[in-house]
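Order as written gives the chain letters A, B, C, D and E; numbering starts at 1 within each chain.
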Amino acid sequence: MSDESLLAARNINASFMDRNMHRGLFDFGRMPRRQVLFDVSAEVRAGECLAVIGASGSGKTTLTRIMLGLAAADSGQIEYRGAEVRRGSEGLRALRAESSIVFQDPFSSLDPRWTVERSVSEPLWLRRRALGFATDEVAGKTAQALARVGLDPRTFMGRYPCDLSGGQAQRVAIARAIVNEPRLILADEPMSAIDVAARVQILETFQLILSGAGSRAVDPTTGQPVKPAIIMVSHDLGVVQHIANRIVVLREGKVVESGATEAVLGDPQSDYTRQLIAAASL
Amino acid sequence: MSVAVEGLNIAIGGTTIVADAALSIADGERVGLIGSSGSGKSMISKAMLGLLPLNATVSGSIMLDDMQVVGAAERELADLRGRYVGTVFQNPAASLNPVMTVGQQIGLPLKLHYDLTKDERVERVGAMLAKVGLAKEIAVKYPHELSGGQQQRVGIATALITSPRFIIADEPTTALDSMSQRQIVDLLTSLVDDAGASMLFITHDFSVLARATTRCYVLESGRIAESGATAEVLADPKTPESERLVSAARSLTLRSADGFQSAKGDSHER
Amino acid sequence: KKDNGTASGNGAAQANTVTIGLKLAPTNLDIRNTAGSALDQILIGNVYEGIVARDSKNQVTPAIASSWEESKDGLTYTFHLNKNMVFSNGDTLDAEDVAWSINELIAKQYHDADALEAVSKVEAKDADTVVITLKTPNSNLLWTLTGRAGLVFDKDAKYDLKTQAVGSGPYTVAKFVENDSITLKANEKYWGKNKAKTPTIVVKYLADDNAAVNALKSGDVQVLAPITENLAEPFTSDPSKYVVKAGDGTDKYVLGFNNASGSKLADKRIRQAIRYAINHDELIASRGGADKALGGPIPSLDPGYEDLTDLYPYDQDKAKSLMAAVGYSEDKPLELTLTYANIYGTELGDQLRSQLKPIGIDLKVNVVEFSTWLQDVYTNHDFDISLVDHNESHDFYTWTDPTYYFGYDNKDVQKLYAEGIAATTDKERDAKFAEAAKLISEDAPADWLFNYRITTATAKGVEGFPFDLNQTVLPLYNVTYSLAEFSQK
Amino acid sequence: MSNNTQITVSHNDGGRLRYGFAGRAAIVLKTMWRRGEGKFTLIVLALWLVVALISLIWTPQSLWATDGYHVWAKPSASHWLGTDGTGADVFSWLMAGSRTNLLIVVLTVAFSALWGLLLVSAMVARASALASASVVVIDALISIPTVLLALILAVPLGASITVIVIACGFGYGLNLARVARPSALLAARSSYVESALANGASGWRILVSHIIPNIVPVLAVQLSLSAGTAVLAESGLTYLGIGVPSGMPSWGHSLATSVKLINVFPLTVLWPGLVVTVVVVALNIFGDVLRDAIDPVTNPALRQTAASAEKEDER
Amino acid sequence: MRFVIRRLLLFVVALFGISVVVFAALRILPGDVASIMAGINAPASRVAQLREQLGLNRPLVAQYFDWMGALVTGDFGTSILTGRSVTALIGARASITFPLIIVGLLIAMLIGLPLGCAAVLARSPRVRMAFHVLAIIGGSVPALWGGLLLILLFGKGVGLVGILPSQGFPLDGWGEPVGAMLSLILPAFTVGIIVGASLMRYTRAALGDLANSGYIDMARSCGMTRTQAVLRVGLRLAMPQLVSVIGLTFASMVTGVMVIENLFALPGIGNGLVTDVGNRDLIAVQSELFLLAAFFLTIGLIVDVLHRLLDPRLKNASGVSEVSA
């Protein structure tokens, strides 16, 4: 089972409209586009954490958004559990139902008019049926998720995003992403504003999740609990080393290197990766 | 610019957020401010500029050289901000003006405080962009067209364009990759060291902290828990809070292929 | 529109322009096709002239014809025309034009053609003589010819009737803005005695009452006609600056019942009860007291008028007992709907509702747009009670037409009316009409709420503006405005 | 690690409702009451409600006590605000009118809210064809003047409250949609919506739980504006004879009959005018104050209670 | 640009749709222009004759296509009742209504924008509240009243300081420019004050939201005072919102000023439209409504394009495009 990829991206190309200064309102025709992803392939298996690293602006966020079907690529395929992810496809529906995401910018990803509790519990309500638990478990699970990211549920459940500090908001977003036992978590620099102590705690949580412990869904073929996967974008190589099984290194939209964590960090093949590692050990 | 904060209290809607904080930064000094998230770091930095929300109540004293910020007139503060004090906000996505191009945004402090021609401004903006590691072409883009790290560097460029005498950097490197991080930190330290400015640096990343600052304060739930030379605090934290943070940082430090390279060892070097 | 006055005899400066505020605006100038008294009011006698005209007492007077004779049998009318008549475009006006105009009207069935049903032929005997021959005598013929039926148009002129007018009257239309204003200029080629005394007359149509009052107050207009008695109060109370006067008219506020069989009002007792229950004096008082009670279908300016107000005096008890006889009372009321057009305001409906309530009628008031009223009530006869201001003169014939919306069918009345029409003397005609009117009123096919009288307010110094009948006949040639009187104050 | 995560939570009995509707409503009202203009608007609106209820069973004079001999009378002991053009008691008519207007306002607001939200949901639909088509359709429909719509509606329906409600509600709904569109779009394109999408939320659910709450401030202002305009429109349409049927008391009826005589009897027109203006002002202020009070982003009291309610639970 | 083209296509489709709707809806109205022309005592035969003459008896589909066919060639038809071309009719009315609403809107902006800003910027909460209440009262005054009040103050012969004409438009229209302008002053102020008050409310609301945002903080950190930041950054950010409000207001004023036109006896569009409906001059009405719709759609289009220009986030939204759920 774990050999099979859970989510795979193949030969993704993506581009943005390239606006430059001298285009007026009445310029017809197609805007030139600037490609930001070139033939990028990546995959993640159940129980694994895939880290995407690379310099800022190298296309990491774009890739993750495409992998979740939140943006469309120019070409390439995404497959989730063997089904193709396309607009309106069964694969997309399955992916949406079983995944969750943590955005790079925590504030704009929390509804300003929802309490923390509501934001965190919403995914639970959405998947309550599928997960098969009772209504009265929701509050408990919500509190638990908050506790797992190091926020005291008693003080934070009723708060609104505008009263949170950057790190707190980010942790709420993480809590929201893990609360409903998704099979796939996409995290775009989830811990950038979080203090180190909390980071450690969250990483432990992630590891726990990856191991499948506490997961309710059971794989019908093996009888084992389903093991989720995590795709994490991060700059913090320490964090990456801590949790990732495999790494994809992006540079200006191209994959320069990918492989197991130890291999990539321990014995980088490209100069670029080497520079990244060197710069990290300040 | 020397900074002296004494007995600072900040409360919002009845909840105390910062209590009796005192910290000082001498001319040419790089000072760090660390603490778990939500401990009030950003609040303190905003208070130094008089940018707290309208419903916040502040008491105590914040002296920037000989100017009292608490209760100062908006006009005087405005003269200060952007000219002598540069600020990097924690959340670039929420602070970069969506209808201004990057060039306009970075050039804004120049435009407000200095009498330069447009070409001069463009030139300086271009130079500044290069310093933070961004291409010149980015100047015509709008913030939403940039990646997170690019936005953050635009914020930094805005803060530094006037070569301010006091820099407040609130987690300026969170969205940056390790190479850019290094570049930015070096940029900041060189600015401070060469120009004799002072800096307050807020971060969660201890390797960055070690590189960027000489002294640091540890904040715990709105109170200063500890202060001292950065190296010492990292090597030998005295309070449980610092201890907790430092030990966590160690466990998250990148281990090189051949073994464990501790944060401790790292910080001993400097 | 500065009033640069011309010096006149008595030293008072007479204004070159007089502006008159009227209410109901014509939508076009096509007097041959478009109904509505607004056109009669402004065009007849001012721009167009008829073979004969009518004065402000509703009597026939000479116009294009200076005299006429009627044969003994009442079948031939010979008109002698004035000499040297011209249209405003310079064309001469002679008997040819007269005969052509009337023949066209009949042939093309223009508006009011039905009033000339009795005419068999119209001939120009010579340049100054026109002879009209009738199939049957018609005592209304002359009066009919004072209106649209007798208007004389230029046979040879080609113009857009909707936006222009070429007539022989003392004025020409210099500018027409639909729903807003008409500017009349003195006709330089005018041939007759009614020469315009004021070179320019501007007619402003002021639909909004407040705008109208303000216009007179600010001096933008010098005359307001009509104005309600209540609204005129600021002018009445300032006699040094304004003249306010009510004039006679032929407007009959008719509360028409649906008399058709099968209608809720087919039972005469109910109709009578309603007539007894209505307190006409109160209605009139609430409107300012200028209007006149009217007990039957003929107003005082029309032939055959007789005071019939005593037939159904205000008597609630009688009304109640009549209703009780049919089986209705205040506790068990009869539901009726009153449908009328919104131009008459809601007050009358509310008042009638409250006056009819105690006798056991629950009156639902349905105020609708005029077009809707035309469709529902007038055309489809789908109503219980209707309220209209029947402002036309000589419209008694509507009571003799069972297909008219009242659905009133009384053979005696029809016979009397026919005799009246065929009468060759006015006296005979009047007697027949009066008799018929009384029959009608007794039958109570409607209630005549009152004879509406037109209140006119003018600035002091305006002379020659007619007060009677001025919503249909409004000769303006005599109107002047002397500034001196105004400034004397 | 795992013991760290095993926080037992005692209030798992639907804690969501604890600081639910009633509690929030109380806070919102309290916040509004604390402001001067809020006090004014709450008092006026409460008074309106009370008067409307009383008028169902009692008015000082019968509505149908017309007296043609004493029209436009000045205020007196028997007629507190004088009489109107039919000689009926102005005060009684105004009192009775309050219930008609209340009904009209409530229905119009409800109708325009539903219709407006329907349009908003079309405009933020992810199917871009529907979204852009609906914008154009709305622009096209907005061009139909309310009066005209009312005229046409009055044909099958006759002069009635329904005509006012549909004609006004239709127009205001369109306006609402147009005005709410930017904030709705902002919400629809936000990353919290994307996050909900990634969690498998349906478009419908996102609309109801994310987009609509985020346009509540706009809704509050716009609907209160509609309520105010409905009061004004009622008088206009009634004046034209296509609004409230004749004989049904309404402020528009009182105003329309008296406004013609403003030059002559300014006092009579004062009362209905005053009532209408005060109520419209109150409705408008209500919207603004409500907007500030109902939105947790702008009303810290709401946020504090949410937090403290949570704390109290724990004790 | 493709956005504009797509909008233009939709625009045409919408116009077609509205023409059908308008045409059909108007035929539901009871009564017709023939019976109005014939008048109240005319025999039924006369009405029938007129109806025949005016072509009202022809099948509706044929009538519709006649109208449409002419429309396509830019001919809006001839009003049955007035005999004038609808184009001329609307032109004459628009020459009053448009100056009125443009001046009114200018006054509204001159009042609304500065006061709206002041209402956000004022330091004292009391002053802020006073501005707020002022805006609301101004916006709640029934147009009829506001106008009458101004007349009672400034109307010639009526008012306290009677200097301005209180009703009517010069007979020569713009041929008499001074008179025409004078006669528009009071109505334009009436409109301006009422619309200005609601504009003030919108400005206040939009700016109030932004005043607490990170964008303002950023601008202040660059060296602006709060006032500067709100005026320069806040106003610019609020611009898209204000543009749509102003555009919408502008469009709806065309018919919205009906009461004002009535009160000041100005033969404008709003007034004319209602008269035409009352007279069942359907050819005129349907063409007028059609033109109105085109006007609204154009304004909508302009607002949308302006939005795109003013808000770069919308301008190139077709980047990595969204996938629909």
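One rule holds in what follows: contacts are C-beta pairs under 8 Å (C-beta built on N, C-alpha and C of every residue); 3 or more make two chains touch, one makes a residue touch a chain.
If you want to know which protein each chain is, UniProt gives these names: A, B = ABC transporter ATP-binding protein; D, E = ABC transporter permease.
Predicted, not measured: the structure shown is a model, and the values here were computed from it.
J.: Identify the chain whose mean C-alpha position lies nearest to the mean of all protein C-alpha atoms shown.
T.: The most central chain here turns out to be E.
J.: A-D versus C-D: which interface comes out with more C-beta contact pairs?
T.: Here the pair linked by more C-beta pairs in contact is A-D.
J.: Compare the CA centroid of chain C with every other chain's and tell me the farthest one.
T.: Farthest chain from chain C, going by C-alpha centroids: B.
J.: Using mean CA coordinates as chain centres, what's the chain A-chain E distance in Å?
T.: 50
J.: How big is the gap, in whole Å, between where the Cα atoms of chain A centre and where those of chain B centre?
T.: Chain centres of chain A and chain B, defined by C-alpha means, are spaced 28 Å apart.
J.: Return the distance between the CA-based centres of chain C and chain E, expressed in whole Å.
T.: Spacing between the chain centres: roughly 39 Å.
J.: Taking each residue of chain B in turn, which ones touch at least two of the other chains?
T.: Residues 12, 91, 94, 145 of chain B each touch two or more of the other chains.
J.: Which residues belonging to chain E are in contact with no fewer than two other chains?
T.: Correct list: 29-30, 148, 316, 319, 322, 324-325.
J.: Going through chain A residue by residue, note those that touch at least 2 other chains and give them in order.
T.: Each of 16, 19, 70, 96, 105, 108, 163 in chain A touches at least two other chains.
J.: Of all residues in chain B, which touch chain A in the complex?
T.: Answer in residue numbers: 12, 34-39, 41-42, 90-91, 93-94, 137, 140-141, 145-150, 152-153, 171, 174-182, 185, 204-208, 210-211, 244-245, 248-249, 251-257, 261, 266.
J.: Can you name the residues of chain D that touch chain A in the complex?
T.: Per the touch definition, chain D meets chain A at residues 1-2, 4-9, 11-16, 19, 190-192, 194-201, 205, 209-210, 213-214, 216, 295-297, 303, 305-311, 313-314.
J.: So in the complex, the part of chain D that touches chain C is made up of which residues?
T.: 64-69, 71-72, 85-88, 151, 154-155, 158-159, 240-242, 245-247, 253, 256-257, 259-265
J.: Spell out the part of chain C that touches chain E in their complex, as residue ranges.
T.: 1, 27-28, 30, 33-36, 109, 111, 113-114, 160-163, 175, 177-181, 183, 202, 204, 206-208, 210-211, 214-215, 217-220, 369-376, 378-379, 388, 390, 392, 395, 398, 403
J.: Flag every residue of chain A that touches chain B in the complex, lowest number first.
T.: It is residues 16, 19-21, 53-58, 60-61, 104-105, 107-108, 163-168, 170-171, 189, 192-200, 203, 235-239, 241-242, 262, 265-267, 275-277, 279-282 of chain A that touch chain B.
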